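Multiple structures follow.
Look for chain A in each of the two complexes below; its partner is chain B in the first and chain C in the second.
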Partner chain A sequence: MATKAAALPQLVDNTSILTRLFRALLPYLLIAPTLLGVFTFTLLPAVRTVHDSLYQPPRMARGEPTFVGLENYASLFNPQHHLGARFGQILGNTLAFSLATVGVSVPIGLGMALLLNRRIRAMGFWRFAVFYPSLLPLIGAASIWAFLYADTVGLINTTLRALGLPTNNWLGNPNTVLASIITVDIWKQSGYHMLFFLAGLQAIPQDLYEAAELDGASYWQQLTALTLPLLRRTLLFVLVVALTFSFQTVEQLGALGMGKPADRGNLLLYFIFQNIGERRNWGYINAMSVILAGMLLVFTVTNFFLLERGREDER
Partner chain B sequence: MIRFVRWLGVSALLAGSLAFSTAQETITIDFYYPTAVDAPINAIIQEYADQFMAQNPGIRINPVYTGTYTQTRDTINTEIAGGGKGPDVAVMLTTDLYSFIEEGVIIPLDDYIATLDNPDAFVADFFPALWLNSLDEDGTIWSIPFQRSTPIMFYNADLFAEKGLEVPTNLDELRAVAAALTEPDGSRWGLMIPVQGTFPIWMFQSFAIAHGQNLVSDDPAEVFLNTPEALEAVTALTELGTVDGVMPAGGTAWGDTPSAFVAGQAAMIYHTTGSLTTILNNAPFTVGTAFLPSGPAGADGTGFGAPTGGGNLYIFDTPDNPRSEAQLEAAWKWVQFLASPEVQSDWGTRTGYIAARISAWDIDPLKSRAEEFPQYTVARDQLATAGKEFSSYRAIDIQNIINSTLSQIISGAVPLSEAEAVLANAQAQIDNLLADYR
Partner chain C sequence: MQIYRRRNGWSIAADALTVLISVIWLLPLIASVFMSLRPASRPLSQDTLLWALTAADERGIFLPWFTLENYERALLIAPWGSHYLSSIIFVVGTLVVQWFTVTFAGYAFARMRFVGRDLLLYLILLQLMIPAGVLLVQNFATIRQLGLYDTHIAMMIPYWASAFGTLLMRQAFREVPIELEEAARIDGANLFQILWRVYIPLSIPSLLAFSIVSVSSHWNELLWPLIITRSPEVRPLTVGLNQLFTTSDTGAAYGLLMAGTLMVISPLIVLFVLFQKQFINSFASSGLK
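On to the complex of A and B.
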């Protein structure tokens, strides 16, 4: 017993300070490359964006910026400011776009996943048919739709005209442009969401359904009492991804009207991109980026809060 | 001769100050150029560079294709803001003039022009309308016209012959003729004007000038948007679609318009001269070109006035990184070469831009092209009545304001009854930006 007790301190002594230090630091060394990347390309720019949103760029490129506090933010809501006059409309569009695309494409994705999770003929074909829009590059898909929507030569209007129905300038009419863009995004994203729901559905053990059937549960009861609650995690994930996507993907606007007419088809990130060429707008650009990131954060945190609440009951 | 003496002086200075250097060291000129037309620009520019280098052994031209005008401007601004020198020479929009002057990154060219054998003849050989956007308010020349354009009217000549119609010369005739050519079932419009897209300002400007008030004057701190003439102009333009029903309400998109014309879906269109070659090559009917119809401006009520457009040659020199006199001399030589009648004649023929030199039209290949296709001379002749293109301090932001405002009115997002208030608000935004310059 005594020898064993004496051996322990000796063991500690044998480990040099350097080795212990190495062991303590090893985890940090291992994450260092990632951390460096995150710091350089994410954290630092984020902090700089917030910092620069409080400054007005100098009149000449080599001058010093002036601290203006929250003035850049205030200007964005001033209707006599060259960006403020348009910002309100575009902010509203962005919210409408996100809520509409997520609100429609996620239920469609779920619905299609439920349909395609059964044993049906040519299932691979159906799954591919629904999923393939997600495989197309967004700008390519948008270009296809730009042709469908085109006023005089477009497929939709040509068809309507052939049927003797009134046509509409889908991307030129201020009342339909946003809905037209939202439609493209719903078509593009639904299949992608379906994929996650399918994966989620297949992770649910079949014996639960067998037990439910033995108890005489109808399909609807199985759906509401079993499937949906068990898909909660997947739903949270899909919602967060869908919202992030809806705020971040704007390249389709390059093919679908470039924000025109009258900014009715414009979105915040695209507006930022449109104005970045003028150095003297960079204070406002940074303020808009902070607002955009802030909105995204609020939505994501709300989602987590709403969907994680009640998880205790599951245990 | 003077140039040679100056060059000798600089060479001697260089040779004296740098013990191991010789005066024959090669000077490299970085040349940034964008493209906005459908032509093999890269190959053509490289050809010019090779010709120039053969004539000037001490100078190497490094042509860099930099995308669109906007991308080129962003590239230059980013380089200079980051402490770099930017290009030696670049083709940039004439509307960027005051941004570059304000940043102090371009040099005035009067001193270089003065060293020419006959400076007055050099200046007089450019179409006067093309100088309007190349000078500042004091008459200093800052840039040389290179790839310039102007909007003209294209019409389907076969259709006009078939219906026995005359080509309209003013807006009233335009409305009547366009109405006669519009098919009620929507298969053909009498007229298409591309004001739906991101860039209605250019087409609108032709209406504003024809109604008696251009958007800009010689004073770069003044913009005239909230005027009775502008209101009349935007009303006339909008009502072509909503009241007269002779063009699609809200106008058409820029890129769709020539395709619709070639496909027979529009009898007349407004578009840039830069589209002429493409349209001539693709239209299955006889294409006519004409001046944009006149408006009510002027004593006799025949206010013509298309704006000019396109890009000029600028020489860059930043105060933080000044270039040597020899470098600037070489840049000027390259500018002179690109603006020469020979190059302009070739460039105009191969791209569709208006050759900027008057004498370029008397030499081949442009001479024979203009004889074969008289459509090319319409844009040139229209220059005699052309107005100044938009130009002011804070030009990027102010053009955005105007484009966005016009889009609101023309698209119908705001009813015409509220157009005056919208113009007034836009003018207030513009005046806020220009307050610093008054």
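On to the complex of A and C.
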């Protein structure tokens, strides 16, 4: 026992450099798997996409690509070009789709969370009722709505007819097709946002509300002065996630008109998929991908700065 | 946690609004269930409402209001058993690895100081900002290079690193009082014990929320598995559902489509209903005392 006790300080000295090295490297080891995955399946392919957007693909399978600079981008905004003629409409649709779905589904999600964060009977049922659409595959949700929207046999038109109201070909009418697609997405995503607002609300300490109540603050005063400022981080998180989703949700178009009529119901990512088969479009597809990613980056960074700056001002 | 202490006009209005929103949100599901049970010989036509339980056809013969024929036909179209198994392997294999990666990375970014931390976090967050959809073709090339084409691993591997989960766990771990970690360290606990005994138990709601999001999004994944697999025994349920769309003609086959859709989504809905009690308990116990 005595020898062990005497040897101990020396042991600690010997391992301290190794221990220190291990401690210094530990954070990098912990993030290594995540970093490696992000590098291999996000960053590297993203760089390759930018690279390929500056080249025209070879005519033959074995040829060398030709460097064309920004010509692929210029062609997309040229109405005479076979893709450029359609690109403007689709870009506008994509922006409208994202702003409308995020702008409506995030406030609805917050409202649902506020409604369901109360003492109410059969709570599980109400939460399920608004959350279940986000459990559905996009193509499944779209197929349900394709049935609701269908022109002659659809539920909405059948109901309208029974009530003696005029019907509408929701997915065939160029003026309603985009709004119909947006509606599906709002229905699908709101409950998903609700989940995170609910988590945020329940992280707020109850005694803050008790104190506010003692001071005679009304529900609306508590909401605007206490709840919403404390939900700011959750809101930022939800907005980032919602925007990212909105730019990527295109699988539903397979059941909701496939971009028709006349591209009025088309979205950018779906347009990319529609043209991915042809080699001559490779450069343009990569240019469109860069534009899509760029728009998302602008939106996300803007959000981040608006909300972070707002938080700084409060201090 | 907001609690109405008195019943008043506002709380009754809020209850009514809750019921109204829930009913609107449930209607499409109820409609699809009704449609899936509807005989193909009795299509939804101009003079029949979906909800009508009995109706006479044009010859005056009353038809049964429901049938399982749509489900029988949907079952014959695809090898559902292997699709189900494949979906389960995909979802579970993805989630289990994610638990480790997001916990480790979330802790490192929440509580450790190291050179380049913010830069590395921003690099990882780029995953949230770059739509995975636009990377599909380049990632397909990578998977072929790795020799993983048409395997379960190929479906999972791009999701093992999750910026979303890392951000969520970082947020959750930051709210854990640092004194608890310090106390555990004084007691001689190593990092893995601290994570397992202190951080994870206090972050169960976030971990559950992340798990639900992960499971539901991968259960529903379509494009990536479609591109990266070829064999029916590797392909998940959504691809089977997709097959249902390509084999059925438009219009009259909505009953069949609803049956197929419900077959694919029901396991997840059942799982959620069972899971929800734990879910709500862990969420609500922090507020409702």
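To be clear about the criterion, the second predicted complex is superposed on the first by the 274 of 315 C-alpha atoms of A that agree within 3 Å, B and C clash if a C-alpha of one lies under 4 Å from a C-alpha of the other, contacts with A are read in each partner's own complex, and residues count from 1 in each chain.
Note that a residue touches a chain if its C-beta (ideal position, glycine included) is under 8 Å from a C-beta of that chain, and two chains touch if they have at least 3 such contacts.
Keep in mind that what you see is a predicted model, and the values were worked out from it rather than measured.
*Asks:* Which one hits more chain A residues, chain B or chain C?
*Replies:* More residues of chain A are touched by C.
*Asks:* Which partner does A:Val38 contact after superposing on A: first (chain B), second (chain C), both, neither?
*Replies:* Only chain C is touched by A:Val38; chain B is not.
*Asks:* Going by the contact rule set out at the top, does A:Met60 touch chain B (first), chain C (second), both, or neither?
*Replies:* In the superposition, A:Met60 contacts chain B only.
*Asks:* Applying the document's definition of touch, where does A:Tyr132 land relative to chain B and chain C: first, second, both, or neither?
*Replies:* second
*Asks:* In the overlaid three-chain picture, which partner chain does A:Asp263 touch, first (chain B) or second (chain C), both, or neither?
*Replies:* First partner only.
*Asks:* Under the stated touch criterion, which partner chain does A:Val153 make contact with: chain B (first), chain C (second), both, or neither?
*Replies:* Touch partners of A:Val153: chain B and chain C.
*Asks:* With the two structures laid over each other on chain A, which partner does A:Gln206 touch: chain B (first), chain C (second), both, or neither?
*Replies:* Once the two structures are laid over each other on A, A:Gln206 reaches chain C alone.
*Asks:* Between chain B and chain C, which residues of chain A are contacted by each of them?
*Replies:* 150, 152-153, 161, 276
*Asks:* Taking the touch rule as given, give the residues of chain A at its contact with chain B in the complex, in rising order.
*Replies:* Per the stated touch rule, the residues are 59-62, 79-82, 85-86, 150-153, 161, 167, 169, 171-174, 257-264, 274-281.
*Asks:* Could you please specify the touching residues of chain A with respect to chain C in the complex?
*Replies:* It is residues 24, 26-28, 30-31, 33-38, 40-46, 48-49, 112, 114-120, 123-140, 143-148, 150, 152-155, 158-159, 161-162, 187, 190-192, 195-196, 198-199, 201-204, 206, 209, 219, 222, 227, 233, 237, 240-241, 244, 247-248, 250-251, 254-255, 269, 272-273, 276, 289, 292-293, 296-297, 300 of chain A that touch chain C.
*Asks:* Show which residues of chain B lie in contact with chain A when the two form their complex.
*Replies:* Touching chain A: residues 70, 73-74, 77, 80-81, 102-104, 185-187, 189, 196-198, 248-253, 256, 259-260, 263, 265-266, 319-320, 394, 396-398, 400-401, 404, 407-408, 410-414, 425-426, 428-430, 432-433, 436 of chain B.
*Asks:* Touching residues of chain C toward chain A in the complex: what are they?
*Replies:* Within the complex, chain C touches chain A at residues 1-4, 10-11, 14-15, 17-19, 21-23, 25-26, 28-29, 31-32, 35, 43-46, 48-50, 100-102, 104-105, 107-109, 112-114, 117, 120, 123-124, 126-135, 137-139, 142, 157-158, 160-164, 166-168, 171, 175, 191, 205-206, 209, 212-213, 216, 219-223, 238, 241-242, 245, 251-252, 254, 257-258, 261, 264-265, 268-269, 272-273, 276-277, 280, 283-284, 286-289.
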